[in-house]
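Before any comments, here is the structure.
Chain IDs A, B, C and D follow the sequence of writing; residue 1 opens each chain.
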Amino acid sequence: MAKKEYAFYPGCSSQKGASASNYLVSVDSMCKTLDIKMTEIPDWNCCGASISYAEAGELPRLAMNARNFALSEQHLPGQDIVATCAACWLGSRESKERLEHNNTLMDDTNKALKEAGLNLKVIPEVRHMVEVLIEDLGYAELASHVKKPLEGMKIAGYVGCQTNRPFGIQGESFENPMYLDKLIESVGAQATKFDQKVTCCGGALAFSEPDKAQAQIKDIIEAAYDSGAEMLVTPCPLCQANTEVYQGQINKKYGTKFQLPVLYYSQLMVLAYGGSAKDAGLNGQVIRARRLEEFAGK
Amino acid sequence: MSDMNQQMSAKYKNNFLKEIEEQAEMGEWVKMCMQCGVCSGSCPTNFHPGWEHPPQELFMMIRAGKRDEVLDSQSMWMCVSCYNCYVRCPRKVPITHIMHGIAEYAYRIGRAPKNQPTLHLSQTFWNNATKTGRVNEVQLTQSLYFKDGIMDGIKKAMAMQDVALGLVKAGRLNVMEAIGGGHKCKDIKGIHAMLAKAKELENQRKGRAA
Amino acid sequence: MTSVVATNQTILVVGGGIAGMTAALEAAETGKQVVLVEKNPYLGGRTVQLYRYFPKMCHPSCGLEINLRRLKANPRIQVLTMAEVTGITGDKGNYSVTVKLAPRYVNESCTACGECNKAATSEVADAFNYNLGKVKAAYLPANMAYPQRYVIDGSVVGTAEGEAIKAACKYGAVDLDMKEEVVTLNAGAIVWATGWQPYDAAKITPYRYGEFKNVITNVEFERLADPHGPTGGKIVRPSDGKEAKNVAFIQCAGSRDENHLRHCSRFCCMASLKQTRYVQEAYGDEGKSTVYYIDIRAIDRFEDFYQEVKANPNVSFVKSKVARISEDTNGDPRLWGVNTEGYVRYSEPHDLVVLAVGMEPSVKNVAIPAEVMGDSSGFVMADPSNAGIFGAGCATNALDVNRAVQSATAAALRAIQVVNQVARAEA
Amino acid sequence: MADKHAAYICTGCELGTRLDAAALVKTATKDGKIALVREHAFLCSADGVAMIKNDIDNEAVTHVAICACSRRAKTEAFNFPTVAMSRGNLREGVIWIRPDTDEARETTQEMAEDYVRMACAEVKAMKVPEGNQNTGTSKTLLVVGGGMSGMTAAVEASKAGYKVVLVEKTGALGGMAAKLWKRIPNREPFKAPMDNGVADLVAQIDADANIKVYLNAVVAKTAGAPGRFKADIAVESGAVSTEDVGAIIQASGFTPYDVNKLSHLGGGQANVVDQLGLEALAKAANGGPIKRADGKEVKSVVFVQCAGQRDTSGEHLSYCSGHCCATSVKQAMYFKDANPDVDTVVLYTDLRMPGNNEDFYRAAQNKGVIFSKGVVSGVSTSGDGCKVQFKDLILNEDTSADADLVVLATGMVPTTGPDLDALSEANRVAEGSDEKAAVAKEQVIQMMSTSVLNLDYRQGPDMPQFKHGFNDSHFICFPYETRRTAIYAAGPTRRPMDIAQATEDATGAAMKAIQAMENAGLGKAAHPRAGDLSFPTARLEGCTQCKRCTVECPFGAIDEDEKRFPLFNESRCRRCGTCMGACPVRVISFENYSVNTVGAQIKAVDIPDEFSEKPRVLILACENDAYPALDMAGMNRNEYDPFMRVIPVRCLGSVNTIWITDALNSGFDGVMLMGCKHGDQYQCHFVKGSELGRYRMSKVYDTLKGMNLETERLMDLEVAITDVDTLPKKINEYAAKIQEMGMSPFKGL
C-alpha cells in the first residue's frame, strides 16, 4: 500500500496533449518515487478558472467545483483532493470556502447538483501538490530520495500568484515565499535571489491584453537572468506557459535575447531522483532545457 | 442599451451603491473601502501602463453614484486575478472578486464595452469549458484568434505561430483537438442541466429576468 | 533573598514605564505603600527609548529625571527590576502575587563605577537600542538607568570573563551565583501597566522589513536620532552608512488593518510628524521627508504641530497606503503605490524608509495571570469583573504619553479606593 | 540642640587614587571648619552608612557633608532624613570629567578641595526643614461643574472616602452629556451608540451621602489655600454658603462654537444644525425617524466635519476637537439605525478615529454610511433642503450633494474664565481716568463675570490658560500640572475631548486633588518637589514692599496683606524659590536653600591670585536638567575645564543677582547660568522660573558695566538634560573665552 492516498484533480491543462501535459508526466514519476498514490476523480470537470467570471457568473462556477467535490466524496471518500494546477486549486478552495460560509449558496448549489444526479454534504480538503510535498512529507523526506543532486545549477523559483495568494502555502509570506527555493535546494540546486518571484505573469490576460502581460513577463525573465539563474521553475501551469512561450515575442518586441528554460518543480525532482529526461517530461519544453537534458543523460 | 440596463437603473433609481451591493459579486463590500489606495498600488497592470480607474477609485465612483462611468469602464476588465489587492487590503475587502463582479454585472446588463477582449476571452473560455466539461485548448485558441474575423485571425495566428508551433513541437498543443478530438466529461448532459439550473437560480436570487 | 514588605493595603504596580511609574508615584505621594515591578533592569519603559516627545520636541529624560527624583525621595515605593509577575491569586483587597526575579548578577553594593564594564570583553545585543548595536556583557543599560546599577549578561556566568568581571569589582557587587528567585507578596489592589510593543514589522510582508536593511521602524528611528543611540545621533542608513536625506514615512504600518492590528494606534501620525523634524534638524533644507498616510490623526491641539510641519516645504504628504517596497541596486528602497487624491501613480526611491508601526498591547503576549477582560485588540478593558486589578496606560488603549499618564493617574485612584476600603474595614 | 557638623570623605571609585584624600580631610577640617571629619574607602557600603548613622545617633551630629559622588547617585544609601545634608560631588563632578594625567593632577585636586569647602559651607548654612505648621486640614473636595467630568470626579473621590461639594450652574446635573441622545461607545463592541450614562451617574450621586450638590449655583469667591480653601457658593435664590474645602477640580466644560459664525457653511440656515442641534432632534425622535425642526422626516443628511475647526485663516478655531469625527459617525448611525435607507454622507479631510474607534468607523461603513474625503466650500438652501458644495479630493472634482439636513461638526470652546493677561492689562488701563479707562472698567466687569473660580488671589480670579483658552498642562509627562496648587482641570475645559476621555481625565484629576489635600495637611509640597517640607519665610522687617515676589511667583502663592507686605500661602507654594531669587533685599529664604546656602559656597571657593593663570568660573545649574546633564557628562567621561565650580539651584528663577555680583566681586572670572528653555515651548518645571531668572539676569549686565567688567563675564546658557556631549564643549569654549579676556581685576580685593 502506498504511504499516502489522495483524490487527484489534474485539471484541463495537464491532460495528455495539453499545455501542461509535461507537468503531469513529471508528477506521475515523482509520486511513484515518493510512494504517493493519486487516484483521478472520475469524470472531473473544469474548475472555471478565474477568467470565466464574466460569462459564468457566481453560482454556475460554484456548481462546477461542487460537482468535483461531490464526485470525489462519492468515489474517494475521506481523501483530500490534490490539484497540481494553481488555478484548479484556487478555484476549488475558493468554492469550498464560499459554500461552507454561505448556506444560501450551498442550498442553491445542491439544487443545481441535483440536476446532475449529485449531492454535496461534506467538502473534502482541497490541497495543492506542493502542500502535500511540504506538509505531508517534508523537505527532509523529499531530499532523502535524491540520487543525483542538481549540483551547481542556479535556478530562480518563480512562485507567481495563485499558489501564493490569497491562500498561499502555510507559513509562507505573500511577498517572499520561500518554499520553492527550499524545494530547489532540497534537490541540490541553488536558488537565486530573485526579486520578481511573486510578480504576476499576466495570467489569462496574456491572451486578451498581450502587451500588458508581456511587459510583466519581460520583468520576470529579466530579473531571473539578473539573479544569475539559468532556468526558471514554477508550480503553476499558466505561469509556466506564459513565461516560456512568449519569450520569442518579447525578444521581437523589446530586442531582448531571452532563451530561459522554464520548468516545473516536479521535473527537477524527477531528475534528481534519478529519472530520465522522458520521466521528467523534458521533451515538453518549448525552450529546451539543454543542461538538464545533459544531466539526465549522464 | 439593453432592457436589462434600463430595468436595473429604474429599480435602483439613484442608488448605484445599492445596485452594486445587490447585483455584483461581493458588491456589499464596496462600502467598506477607506480609500487607502493599497489596491491601486498593488495592481500589476496598473503600472503597465495603467488603468483609467483603479479599484479604490471605482469604489468611490460607485459611492458617488457615477453609474455610467463605472459600468462603461474598461478598468475592471484589466484585473489579472493576481490577488495582490485582496491580500493587502486592510479592510479585507475581496477586491479581486468585486472587480470580477462589477465586470460581470456590466456585461450582464449589456453595458460592457464593445469588443472587450477580456470579456471575449471569458465568454470563449467558459463556453469552451462547459461544452464538454473540460477545456479544449486548440479550439479555445482558435476562437480567440478569430474573434475579429478571418483576416484578423490569420494575422494574429501568423504573429503567434512561433508560439503555437513551439507548443505543438513540444507535444503540448494537440491539433487533433481542433477537429473535435480531445478530452471531455462523460456526463456532459448532467453538467449542462446543472449549469442551466445554477444560472436560473442566480437570476432568481438577483431579481434579474431570465 | 529579596525581601519585600507588603500587606493587603499595598498597591502593586506591574510595569515600570511612564504609566507604571506615574501610578506608583501618585499613590505613594498620597501616602500609600507601593511595590513597583519592572521586567527590564531599569525603569522608564518605552518613553526613555524616545529621543524627543511631540509636540514640544522636548526630551523624555527630562520628565524621567523628575520622576526618578520623586521616587528616590519617596520611601513608600519598593522597586523590583528584572521582575515579572507569574501568578495572582485571591481577590480584591487581598491578592497574593508571585514575582519571578531574574538574576542581575550585581547587587546593591554597585557604585556604577564602571570597572566591570572595562573588564568585560564579549559583547551582547543592545536591547535598549532595539538591538541596533552591541554592548559589553557588563553594562549600564542607559545613562539614566535606574537603579543606577550595572547588569551582567548571563552568558558570561561560569566563564573566565565572568571571573575577570567579578575580580574587577572592588566592592563585592558582582555576584555570579545569583539565581532566579520567586517572591510572593500581598497586595490589596493591582495596577497593570505593562505597556506596549511595537508591532512586528516583519509581519507586514510587502514592506520587506528585516530583508531590506534600509527599511526600519519608527522606534528604531528614535534611536538613530538620539545622540546616545547606536549612530551617535547621525541619521544614516543601516545598509551603507549613507546619510539618509530623503526619508519616507509609512503610516499605519500594521495599524488600522484587519490583517494586523485592528485598532488605530493613535500616536504614530504625530510620531512621524515629529520625526520629519529630526530629518530637518539633521540636514536642514537638504533633508526631505515624505509622509504616506491614510488620515493624519493629529488630534486636538496637536493639529497646530501638523500645520507647522505641513508648512515646511521639505515635508510632503501623500495620501496613500504604500502597496509595496522594492529595492534598487544602490540599496534605495523604492515605494510603489497610488496617491488616491486625484489618482497619481508613483514609484519613488528613498534613502530610508521608516515604518510607523503601531502599538500592540504587551498583555497580548504576556498574559495577565488572572481573569481580566480584554478588548478585541487585547487591551485591558475596564470592567467590574476585573475586581481589584486596574489597567493603566497603553495596556488599556493606544495612547500617547500624555494620555498614558492621565490613565495611570486615574488607575492610581482606583487602586487607592480599594486599599482605603480595606483600611476602613480593618480600622 | 547644638549644631554638630561632620564631613565624610569617600576614597572609593578611584577617588582615593586620583585625589589626595588626606589633603581633603585637612581641607574639611581647616577650611571647612568641620569638627568631625572621617575618611572611608567605600562610604556607600553598609559599613560606611553605619558609620555615619552611628555619628548621628551617638555623636549628636546634626549636619552631614558627604564628599563622594553626585547627589543623584546612591540616594538609598545616603538617606538621613533627620539631619541636614550636603553632597560634595567629587566623582561625577571632578575625577570623571578630568583626565588621569600628571599635568591634570594639581588642578583636579584643587577642584576637589573646593567642592569639599563648598559642601562644608553649604551644610553649615542649612537647617532641617521642620514643615509648615500653618496648614489646613480640610479633606473635602470642591468640584465646579456638574457635567460628566464633574460628576465622575465627585463619585470617584467619594469612592476613595472623601467628601465632595459639587457645584452646578444649571438646575440639573448632566451638563452637555445629558443633551446627547446617546454617546460614542467606550467599550466592546464598538459597533453602536450607547446610553449616555448620565442618569446612572446622577442616581449614584443622589444616593451618596458624601456628595453635597448645589444646583443653580456658582462659586462666588474662593479664598485661602490648599487644605483650607473657603469657597462661597452663591445660589440663584441669592443665598450664599461658605464651604471649607481642601482642593478644587474645575470641570466647567465647554460651549459649542457659535454656528452662526459659519454662515459660509450654512450656519444660521433653517436646515443646518450643529452636532448638539442634531442630538436634540434625535432625542425628540426617541429612536424613530429623525425629523427636522419643520417636522419633515430627514431622508438625506450630510455631515460637514471640521466646521470652523482646523482653520488656518485665523477666523475660526485652529485646533481639532478630537471627538467630532466619532460623534458624526455616531449621529450617522442614529439615522441608519432608524431607517437604513436614509442617505448619510460624512464629508471629511482626515477621519480621526483613534484606538478602537476605528472599529466604530468600520461599523458605520457597514451600516451604509458613506464617507467622502472632501473640502466643503459652501452650503446653500436648495428647494426644500440644502445643497452642499464640495471638492471631492479622491475623484478630484468639484461636486455637490443635496440633503434634507446638514450637520456641522463644530468645535469645543472651553469655559475657562477670563484670560489673566488680558484681564491684568484691562485692570491696568482701568486705573487711569481717561475714556479708555472707562471702557476698560466695563471690560473688567464683563471679564470677571465669566470667572469660574473667582479666586481671591492677587494673580487673578482663575487658572492661567494654556493654549487656545484651554486649561491644559504644558508638560507631556505631567498632564495634571496647573499653576494653581490643588486646583485641577478636568474634561473639556482642559483639552477638547469626548466622554470616555473626560471620565478618565476626571478620575485622574480627583487623584491629584486628593493627593494635594493630603499633602497640604502635612505641610508637604506638591509636584514637582513633592514631599518637600521646606517653605519660604520672609524677614518682613527688611521688606521694602517692592511686590516682586508676589508678582513673579509662578503659582500665585503670595498675596499681599493689608499693610502691603507679602503674605505667603505656604500650601500654594511649590518651593521653586523664584520669590527668593526676585527679592532685591534678600529677606526670603528656605531652611535648606537660601541666599546664604549658595552664597556661602561661592565664598568658600578658593580664588587664586591673578598671576596664577587659574581662573575660576561659577556655574549655577538648574538641578532638574543642567545638573543631571553635567552628571551624565561625567558618567560618559566627557572632560571639561578644571576651573569650573558648579552649584546646583532649584530653578534659574531662584537665582538671586547677589550671587552673581558677589562672585564677580570676589574674583570669579566668569559666571555661567544653566537653565531650561523658556518661551512658548518652555521646559522649566516651574513654568516661569527660567524666564524670570533670565529676565532678572539681563539687568545684571548693567551692573557689570558699572563694575567696568566685560558683559561676557556673565554667560546665560539654555541647557537640556540631553546635552551630555555638547555641554562640556560649550563649557570649554567659555573657558577659552575667559582665558582670552584675561583674569578678573577683582581678585584679591
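Brief remarks follow.
Convention: contacts are C-beta pairs under 8 Å (C-beta built on N, C-alpha and C of every residue); 3 or more make two chains touch, one makes a residue touch a chain.
The model shown is predicted, which means the values in this text are computed figures rather than measured ones.
Shared contact partners of subunit A and subunit B comprise C. Greatest centre-to-centre distance from subunit C is found for B, with centres as Cα means. A count of C-beta contacts for the chain pairs B-C and A-C puts B-C on top.
Centre-to-centre separation between subunit B and subunit C, using Cα means, comes to 50 Å. A separation of 46 Å divides the Cα centre of subunit A from that of subunit C. Centre-to-centre separation of subunit B and subunit D, using mean CA positions: 64 Å. In this assembly, the C-alpha centroid of subunit C lies 24 Å from the C-alpha centroid of subunit D. Within subunit D, the positions touching two or more other chains are listed as 351, 373, 394. Touching two or more other chains at once are residues 174 of subunit A. Residues of subunit B in contact with two or more other chains: 34-35, 56-57, 84, 87-88, 91. Taken as a graph of touching chains, this assembly has some other topology, since it is neither a line, a ring, a star nor fully connected. Chain pairs that touch one another are A-B, A-C, B-C, B-D, C-D. On the subunit C side of its complex with subunit B, the touching residues are 206, 252, 256-260, 294, 319-324, 336-340, 343, 345, 347.
Looking at the complex, you find that subunit B touches subunit A at residues 25, 44-45, 48-49, 78, 80-84, 86-88, 96, 100-101, 103-104, 107-108, 112, 117-123, 125-127, 129-130, 133-135, 137, 144, 159-160, 162-163, 166-167, 169-174, 176-177, 182-183, 185-187, 190-191, 193-199, 201-202, 205. Residues of subunit B that touch subunit D in their complex: 17, 31-32, 34-35, 56-57, 60-61, 63-64, 91. Contacts from subunit C toward subunit D in the complex involve residues 18, 25-26, 29-31, 53, 56-67, 69-70, 72-75, 108-109, 111-113, 140, 143-144, 148, 170-171, 226-228, 256, 262-264, 266, 295-304, 307, 319, 340-343, 375-377, 379, 381-383, 397-399, 401-403, 405-410, 412-414, 416-417, 420-421, 424. Chain contact summary for the complex, subunit D toward subunit C: residues 12-14, 42, 44-45, 69, 73-76, 79, 156, 159-161, 187-189, 310, 312, 318-322, 350-359, 373, 393-394, 396, 467-468, 470, 472, 474-480, 495-497, 501, 504-505, 507-508, 510-512, 514-515, 518-519, 527-528, 530-531, 624-625, 628, 632, 635-636, 677, 681, 683, 685, 720-722, 724-725.
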